[in-house]
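One chain, chain A, appears in both complexes that follow, with chain B as partner in the first and chain C in the second.
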Partner chain A sequence: MRAIAAIAVNTFRESVRDKVLYNLVLFAVLLMGASYLIGQLTAGQDVKIIKDLGLSATAFFGLFIAVFIGIGLVSKEVERRSVYSLLSKPIHRHQLVLGKYCGLVLTLAVNVTVMAAALYLVLAYMEHVASPDAMRAWDAPALDSALLKAVALIFVELTLVTAIAVFFSTFSTPILSAALTFGLYVVGHFSSDLRNLQDVVDSPAAARLARGLYWVLPNLAQFDVKADVVHGRVVPLGYLAMTTGYAALYISMLLVVSVFVFSRRDFR
Partner chain B sequence: MRALATHDLTKDYAVGFWRARQFRALDGLSLDVEAGEIFGFLGPNGAGKTTTMKLLMQLVFPSSGGAEILGRPLGDVSVKRRIGYLPENPYFYDYLTAEELLTYFAELLGIRSADRRARASRLLDEVGIGAERRMQLRKFSKGMLQRVGIAQALLNEPDLVIFDEPMSGLDPLGRRDVRSLILRLRDRGCTVFFSSHVLSDAEALCSRVAILVKGRLRAAGRLTDLVPFRASGWELVVAGVSDAAIAALGSGLHTVRIGEGRYTLELPLDPPPERLVAELTDGGANLVSLNPIRQTLEDFFVEQVSS
Partner chain C sequence: MTARTLTKGAGAIALATVLMAGAVQVQAMRERVYPPAAAIEDDLYVRSGAALRRLTVAYNALGADVYWIRSLQYFGGTKRRLAQLRGPEPPPMLALDEYPLLYPLLDITTSLDPRFNIAYRFGAVFLAEPYPGGPGRSDLAIALLEKGLYERPDKWEYMQDIGFVHYWYDHDYAAAARWFKKASEVPAAPWWLGSLAATTLAVGGDRQSSRIMWEAIRQSAENDWLRQDAERRLAQLRALDEIDRLQRVVDAFFRRTGRPPSGWVDLERARELPGVPLDPARTPYELGAEGRVRLSASSKLWPLPEEPKRLGGPAS
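Right, the complex of A and B next:
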């Protein structure tokens, strides 16, 4: 555990030194600018739009960090040969993979937490300046704690995307890993369509293949509860637990395969 | 006691994408390195030296054969607590300072947090990294990175160090520092196994050497056994001597004119050179130098590689 923690902290430090967290500044500017503009243009819908924008931006920025740093987590170590001196220390290869993964998850956790805090700050300001009439038109209060559920699921989804990126980076090039991870992300958001493909295609073989893919590919659409939260619909805690459990299982499988592949690699 | 032993160690790499063929980088290497000795691992480029070291550090896996390091079989990660490794042309995290890198590696080695900074600082002093230790490694020159690489290999006060081309990228001063560091390590009882292209370093430092050519062990043993250190003749350099005086010595001697009145003469071992030296100096020549001619490790290396 000590080695995993040390590698994770160093990975986090790398993100900070490589100015990854600068995206937070961009996020804050985007949110403040949007709140000002939307406040001028709309009445009653402004809080809803800011919530939607804030949550979408959190997911979007997080996705870029998860993919573009995730694909380099392991492959960069090998490419730049820093893995030689690292593995000459008494650590196992699985500790390296898990440490790197945990380090990026820590970066994402800090990123998502700061973004959520910034979103709440903007919403608090909007509530402060809103008229009682405007507030009555809201589906949910501005400082709705249910927003945290959406933020939590965004974070869980990002940890899963990171695991996908790490998995690909253990055996392929960074560009291919990025393409495959993005591809899987997109497919993962439409995987429920695969399940229902039998209703629109005649071929039983194609339907069987689509159904098989549905079970194998990650179902990422279930992590998206932004619309529910923004419109004040209830997201049960049980749903949160089930979805997180699904992600944990998927992440575990991906990391086990990543470790398996990485442990057998020759570093020429 | 042996610090390192390889048994028929072989490594094949797959070359090519479609219809990959096997390339044998190391072919049945069997080698023993005794505890406490300095062992030089020599060979031309592509001989398999780095592959051997990577096999020992478990960075690549053997195709067949095996090895024991400090009495433990290959694959035992725990033995790395007692090994220091310097890779060839090392690269480290360039966003870290030298001090941070060593502290990070010290943590991975399980060194107590209270001791990490002090040990890092002492080692950076030892390899000659001064105030630069607080600079990010991206600003370091190749030679400075090499020094940091050596420092990180010594963090755990190892019983065995494996250095891949430790003199690479170093200026003459740096090479001298590393030579004395290697001797100090030996004096502390540490076994040093290093590869080098710089044969004079190997000659000055090693008790035993091995020569690897195209993945195969060509020769191994004590320097005194491999290279006949006994003199095979004399090399005499004289100045202020006339061309006629040299011509008078006869055609049996190999002479080279190196400047106005300056000659190099190769003399046989027998008769002893004293009489000839006396003759030349009596005739007004100045004796510049008189040295025995011995086969060097370089001569032996070239002979082995080209045979």
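Right, the complex of A and C next:
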């Protein structure tokens, strides 16, 4: 456990050294700039759009961090041959994979937390300057705590995407890993189409295949509750718990397979 | 950091600033010599909301925001362009070709975010507004609101808006009353919708009942734009009343002198009016050579709504 924690902390430090957290500055500038411009352009929809923008940017920046750092976590060590010196130390291969994964999850946690805080700050400012009449038109209050549910599910989705990226990076090249991870990300958001394919195809075999893929491929659409919280619709805690449970099991499965693949790799 | 490093840094920034300023100057010079083409006409490459829902993956709501901003810019830009062409007699044939992208833009916005309340409500007003303020497509306005009702069947505001489109733009008071009544039956609906339904059915088209409707809309408006729009409509109704009053003064002058007044100054001299009459937007009314009083085309209240066909006339 201590070895995993040490690798995780080092992975986090490495991402800080690689200036990954600079995206937070970009995020803050984007939100502040948008909060001014959007007020002029949106006919009273500024709070809704800032929420949409803040949550989407959190998901978008997080996705790029998860994919582009995730795919390099293991493969970069192999490419640089630093994996030899790492594995010559008293650590197991599974500790290396899990430590790297946890390190990136820590980076994502810091990112998502700071972005959520920045979003709330901008929203607090908007609430401060809004007239009571403008507030009456909002679907949900500016400083709605339900936004945290969307942020939490974005984070859970990102940890799943990271696990996918780590999985591919244990046996593939970085470019192919990135392509495959992005591919799965897109497919994961269209899982309902796979579920409903039987309604549009006549072939029972194709319908069964689609149904099978629906259950096997990661269902990422369920983590997207951004529009619901922005419109003030209730996202039950039970839903949150079940989607998080699904992600935990799926991530565990991916990490088990990643560890297995990485353990069998021959680095000679 | 040494002094030398600092000097080097300052030098680099100064050089970059000079180069940037140079680039800006060259571009400005090029634009003077070879003026850039006029803005490219707006276009929509993908018109299917369902396709865009897929293309935007997990960012549907943000996509809807982008299309909403595009809708506003498109509507505002077209309206401004047409306002520059406007005169006392608008060319109605032009309306056929104007605002072709407005409905597709609003349709995409509401397909990407089916709960985008304001896109339905503002969008319906934009679509129904007659030329040159809009395309005059009350059918599309109702279609957009019905799309919203499909998503949120309990939204009495959409029913009220459909009733309003029937009332104000189509002058179909029976349909308007039916929708107001339907809206009043929604559990959370305000009490006055029931009265509005009854008034519309009884004296639909009467200027006073229009005033009641706009006053109700003004009081229940959930944002500034809707409230300001209702206030503008109320001001237009006041202008219609004032035009009727002024017309009576002009007609009386005509009967007395046997000729129409050559301008407001004749009526001032005859002590019929204290001065040049101003509309509620503080623009002088116009008096035509034939003795007809009308709103100036440069008034913020122009064009006035079409007078109801059934029970038009001054307010009681």
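In this text, the second predicted complex is superposed on the first by the 267 of 268 C-alpha atoms of A that agree within 3 Å, B and C clash if a C-alpha of one lies under 4 Å from a C-alpha of the other, contacts with A are read in each partner's own complex, and residues count from 1 in each chain.
In this text, contacts are C-beta pairs under 8 Å (C-beta built on N, C-alpha and C of every residue); 3 or more make two chains touch, one makes a residue touch a chain.
Note that the coordinates shown come from a computational prediction; the quantities given were computed from them, not determined experimentally.
**Q** Mind checking the superposed model to see whether chain B and chain C fit together on chain A or clash?
**A** Overlaying the two complexes on chain A (C-alpha atoms) leaves chain C and chain B fitting together cleanly.
**Q** Just to be sure I read the superposition right, which of the two partners does A:128 touch: chain B = first, chain C = second, or both, or neither?
**A** neither
**Q** Quick one: classify A:190 as touching chain B (first), chain C (second), both or neither.
**A** A:190 sits against chain C, while chain B stays out of touch.
**Q** After superposition on the shared chain, which partner residues are touched by A:19: those of chain B (first), chain C (second), both, or neither?
**A** neither
**Q** Is A:84 touching the first partner chain B, the second partner chain C, both, or neither of them?
**A** After superposing on A, A:84 lies in contact with chain B but is clear of chain C.
**Q** For A:227 in the superposed arrangement: first (chain B), second (chain C), both or neither?
**A** second
**Q** Which holds for A:59: it touches chain B only (first), chain C only (second), both, or neither?
**A** Touch status of A:59: second partner only.
**Q** What's the minimum Cα gap, in whole angstrom, linking chain B and chain C in the superposed view?
**A** 16
**Q** Would you mind writing out the residues of chain B in touch with chain A in their complex?
**A** 13, 54, 57-61, 77-81, 83-85, 87, 89-93, 95-96, 104-105, 107-110, 149, 152-153
**Q** Show which residues of chain A lie in contact with chain B when the two form their complex.
**A** Interface residues on chain A, with respect to chain B: 2-3, 6-7, 10, 13-14, 17-18, 80-92, 264, 266-268.
**Q** In the complex, go through chain C and note every residue touching chain A.
**A** 54, 57-62, 64-65, 68-69, 72-73, 113, 115, 117-118, 122, 222-225, 227
**Q** Per the contact definition, I'd like the list of chain A residues that touch chain C in the complex.
**A** Chain A residues touching chain C: 38, 41-45, 48-49, 52-53, 56, 59-60, 131, 133-134, 136-137, 139, 185-186, 189-190, 220-221, 224, 226-227, 230-231, 233.
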